[in-house]
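Have a look at the structure below before the remarks.
Here the chain labels run A, B, C and D in written order, and each chain numbers its own residues starting at 1.
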Amino acid sequence: MGDYKLSEQEFNKIRNEVLQTWPTGAEVDFDEAVEYQKAIPENKNFAKVLWKAHKNGVTLLQPRAGVALIKDHIELLQYLESEGEADLLPTTIDAYTRLNKYENAADGVEKSLAAKTSLLNGFPAVNHGVKGCRIVTESLKVPVQIRHGTPDARLLAEISLAGGFTSFEGGGISYNVPYAKKVPIQKSIDDWKYVDRLVGAYEERGISINREPFGPLTGTLVPPCISHVVGIIEGILALRQGVKSLTLGYGQGGNLLQDVVALKALKEVANYYFKKEGFEDYELTTVFHQWMGGFPADEAKAFAVISWGTAAGVMAGADKIIVKTPHEARGIPTKEANAQGIKCSKQVANLLQGQNILLGGRYQEEFDLLKREISDLMDKIYELGDGDIEKGTVAAFEAGTLDVPFAPSIYNNGKILPMRDNEGLIRIYNKGSLALSDEVMEYHKARLEERANYERRKVSFQMVTDDIYAISKGRLIGRTK
Amino acid sequence: MSKPMTVVLGVIGSDCHSVGNTILNVFFTEQGFKVVNLGVMVSQEEYIAAAIETGAEAILVSSLYGHGEIDCAGLREKCIEQGLDDIILYVGGNLVVGKTDYSLVEEKFKKMGYNRVFSPEFPLEDMAELLRQDIRKRRQERENKD
Amino acid sequence: MGDYKLSEQEFNKIRNEVLQTWPTGAEVDFDEAVEYQKAIPENKNFAKVLWKAHKNGVTLLQPRAGVALIKDHIELLQYLESEGEADLLPTTIDAYTRLNKYENAADGVEKSLAAKTSLLNGFPAVNHGVKGCRIVTESLKVPVQIRHGTPDARLLAEISLAGGFTSFEGGGISYNVPYAKKVPIQKSIDDWKYVDRLVGAYEERGISINREPFGPLTGTLVPPCISHVVGIIEGILALRQGVKSLTLGYGQGGNLLQDVVALKALKEVANYYFKKEGFEDYELTTVFHQWMGGFPADEAKAFAVISWGTAAGVMAGADKIIVKTPHEARGIPTKEANAQGIKCSKQVANLLQGQNILLGGRYQEEFDLLKREISDLMDKIYELGDGDIEKGTVAAFEAGTLDVPFAPSIYNNGKILPMRDNEGLIRIYNKGSLALSDEVMEYHKARLEERANYERRKVSFQMVTDDIYAISKGRLIGRTK
Amino acid sequence: MSKPMTVVLGVIGSDCHSVGNTILNVFFTEQGFKVVNLGVMVSQEEYIAAAIETGAEAILVSSLYGHGEIDCAGLREKCIEQGLDDIILYVGGNLVVGKTDYSLVEEKFKKMGYNRVFSPEFPLEDMAELLRQDIRKRRQERENKD
């Protein structure tokens, strides 16, 4: 393995700049932060709690949650911890902070103070600074993670890790392509190299910080091979900077066979590439996201989607499930609705825990297909990068051999069109320039024709639209009426 | 055949939700509108510039991510400043933070100067019909003025 | 096959008595009722709608619902039909009517009128008479079934079938043992012979009436072999009287493997015995009951139990699922809560419909075990009855070779104790006098020892108690804390 | 050691729910009470007869199926008629039709003369403790009278 690690000198140079981009950056003192992190007990360290669950075969549950003001945010998280029975907690960051618009976030905080309610869609951790973050993490009994969607999360990482958070979501692709419009891939990869190096620096000082690439991408009919390849790449890039605790994610597709196959394959294939890249010393866990696309507005139906997501996640053997709420289709949930989502999920998870459900049928066939798809995509990346995954990734997005459906980024080809087959598995209808072999595409085509015949209509864009709406309208597959 | 109806489409502010925008783009085009789609993360200035450049008769603003209240305020005033006094402004999506009674949301955004306010479930066909009617009405009012 | 059919003479003699037990009996005119039933369109006939769904591989959803007054009852059912999206409707009968205490029911109707709310836990169909029933069935668009728990349902059947209902739940064992205390088995079997003969008489006149033995029995840790044997017996007894449309039921146990195996085996084994008894000309369908034991009081958790029940039912290939509500642990649901239960179930069912999920793992092993258990129990019944199932059944209950756990009937042995194994399958801890072979019992014992070892405690009655509470307290298996 | 505490247990009316009764029977026995269990479908007369026959100090009435309001009314009066003036009456379960605020239920049944009213989730251990206290209090009051 080559030495791709960001040098200390380079890192420090960037750090000086980054910490000056907002006044609270001055609060960060790395050595002091290391001491602070060292004092955090094991049962509040995200990496350790998650790894313990992994070894015990238990699936942990984690909500999303974040509001503008510290006091309200603490009240929210404490409620989710006690009443909601959350195993792990989040701090979801607002959309302005995600785009480094700290002035707008400051404005949002002020307006929220005035309105006596949160006008931001998350917690502006940078604005609240190291001190604000510590007040939050110290008020809680379980580990807390930063969840966001930030292409350039360098300052956020510095502040929040110094602030006592022990896990940090995101990655150079997964927090760019689905979340940004005009950020070049190389730029976000470079900025995330910094974040990973920062985590590596903590690891070198004996502090475990969990890192979690964002698996679901746009959350909308993403074929598993695409999100898996992104996860594997981000995993490699993170390991290169010294990350040790890595959680790869996958967003539920809805078909049980595909979801179970996907999560099992993710572990196997990721380990294969990590070893291939020369890594041995890491802890790999998985996270399963309950359905990330459009939700039904009716709350009873939302509970159904939440339950089925939990069931699929437990059956797939996920170490952690990210939980939705009955308010999903409508807006940021109240704390009560958020707790309901976790409680519902907890009940399902507890009903399934230990049942050891094994699928039969086409399990092996789908497993082999997915591995084949991933190797098609990865081979091309290695090829385009002359053996280097980072260079290959940038080239692959440019050439469209890696392509995320429905993404806003102008650096994403945006040509592939996914669609459900007759059993609801997500297949690829239009591959654009995706590096999938003809054999694979013929299989996809055949499965889609099967559906078209059943529905007595041609495979068409209308089917994609129907599939996008389907779950929110109460079904998995967007059938004609 | 009458003059095609041109509309500017986009998701306002720092909002990255691109799926609905993709669908609306396809939908309005199929319905016979001339769609100028600005995609996601569109500033108020960008909407106005595109509307002036293309002579659009309506601006269709989406906001999904919860900051709609902050992002959408002032667009009507800016339009007026730029001479787009009577341009039709529609807004739709998850407009405020949190699950909120639709009538409260509507009131808020109508006060800001939006002609119509849509919840995510409003049937698109009906909305397109309203848009056609509103554009025709505007054309007539302009003719009457002349 | 011998001729076990109730003779016309005998039937008419009983009819004369039965119709005089309450004034509304006089409203029944069988020939007129036949004409009335003939005019009911196919899409409102329960037997036909269910058989169509069976052939199309669709799972239908049906709630439970019933209130004291006709007007309120119609409003309730119409709401469940439109807002609730119910595929099939029920009319749940109140507990006084179930015990033929029509005076008490009349009193309940009066008190309900005064209180302007239902003080009865169901619809007193006998008191409302043929006319009242017709007002109800005519107000609805989908088929309606009588659901109750009545050991002697002869008058109820006469009135409700003349009243336009097209399906009738219950049976001589399943509506006695779990529901009554002092009714001899032979007595309720005889009374249900009358009901089945009445249905047979309609069938002979070209009118399909669906009959559904009550599968879940006491709803509490019932081992599938026991409820299956009861269903098979009641099926045979019904077919003997000319019933043609038969729906056998099973109450969810909670372990997916056991539930899927149970429902698949139910069909196979029932067909085997029906053919063995000489029947060919019948339509067999299945019904899966969402968890019938104690529910969690928290509504978000109740939604989880409801969802998981639907998922299991669809995966098991049930033709119909009986749906619970988020109010289950508390009381008769409001119409809104009832609709929520159906909507939640509908969403899950639609997500799974057509996924064609097949289980692997120990599937075949459990399937064979269950078949073996059933044949152990059935062999004994045939033996005790000298080849006759009816005589054998009465003797089997007396000897305890057939025994329903936790049942109130003094004619039930009440010695068996069921318990969950380490994966949550319901096994038998104490067999009492149950006619299970040593081989089968050794297997059960071994699985229970596995759990005891895991929990580091002895197999004991405390485990039974823990298992009874488990789902209402948020888990499948009643583990020590 | 003091005199064992005898209690009559049963499910009232036409109610067939036997699972909770099975558990309560085992539970009270384990807790050291002398339990006279009448099972399900118990009439008011049966409770009273059993209480008189066994000299019970409390009657524990269950009602699950929703007709509790109708079935439980009048038991206190009948007890008084039969000379069981100060017998302790507990009632628990799903006492009324429909999900109802517990405090309303409690009020209703206390008016009927029940000393304590329990929701299905009330911890059994705490309840047994209350019962022991109530029985002890009653014994003292009786002694004081003598």
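The working rule: a residue touches a chain if its C-beta (ideal position, glycine included) is under 8 Å from a C-beta of that chain, and two chains touch if they have at least 3 such contacts.
As the structure is a prediction and not an experimental result, all values here were calculated from the model.
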Computing the C-alpha centre of each chain, which chain sits at the greatest distance from chain C?
B
How many Å are there between the centre of chain A and the centre of chain B, using C-alpha atoms for each centre?
32
How far is the middle of chain B from the middle of chain D, if each middle is the mean of its Cα atoms, in Å?
67
Chain A to chain C, mean C-alpha position gap in Å, rounds to 45
Please work out the Cα centroid separation of chain B and chain C, and write it as a whole number of Å.
55
Mapping chain-to-chain touches, which pattern fits: line, ring, star, complete or other?
line
Following the definition at the start, I'd like every touching pair of chains, please.
A-B, A-C, C-D
Using the touch rule from the top, collect the residues of chain A that touch chain B in their complex.
95-96, 98-99, 101, 104, 107-108, 111, 117-121, 149, 178-182, 218, 220, 293-294, 297, 327, 329-334, 337, 406-408, 461, 465, 468
Sites on chain D touched by chain C in the complex:
13-16, 18-19, 22-23, 26, 39-41, 65-67, 69-70, 94, 96-100, 120-121
How about chain C: which of its residues touch chain A in the complex?
254-257, 296, 298-301, 303-308, 310-311, 326, 339-341, 343-348, 350-361, 363, 422-424, 471, 474-477
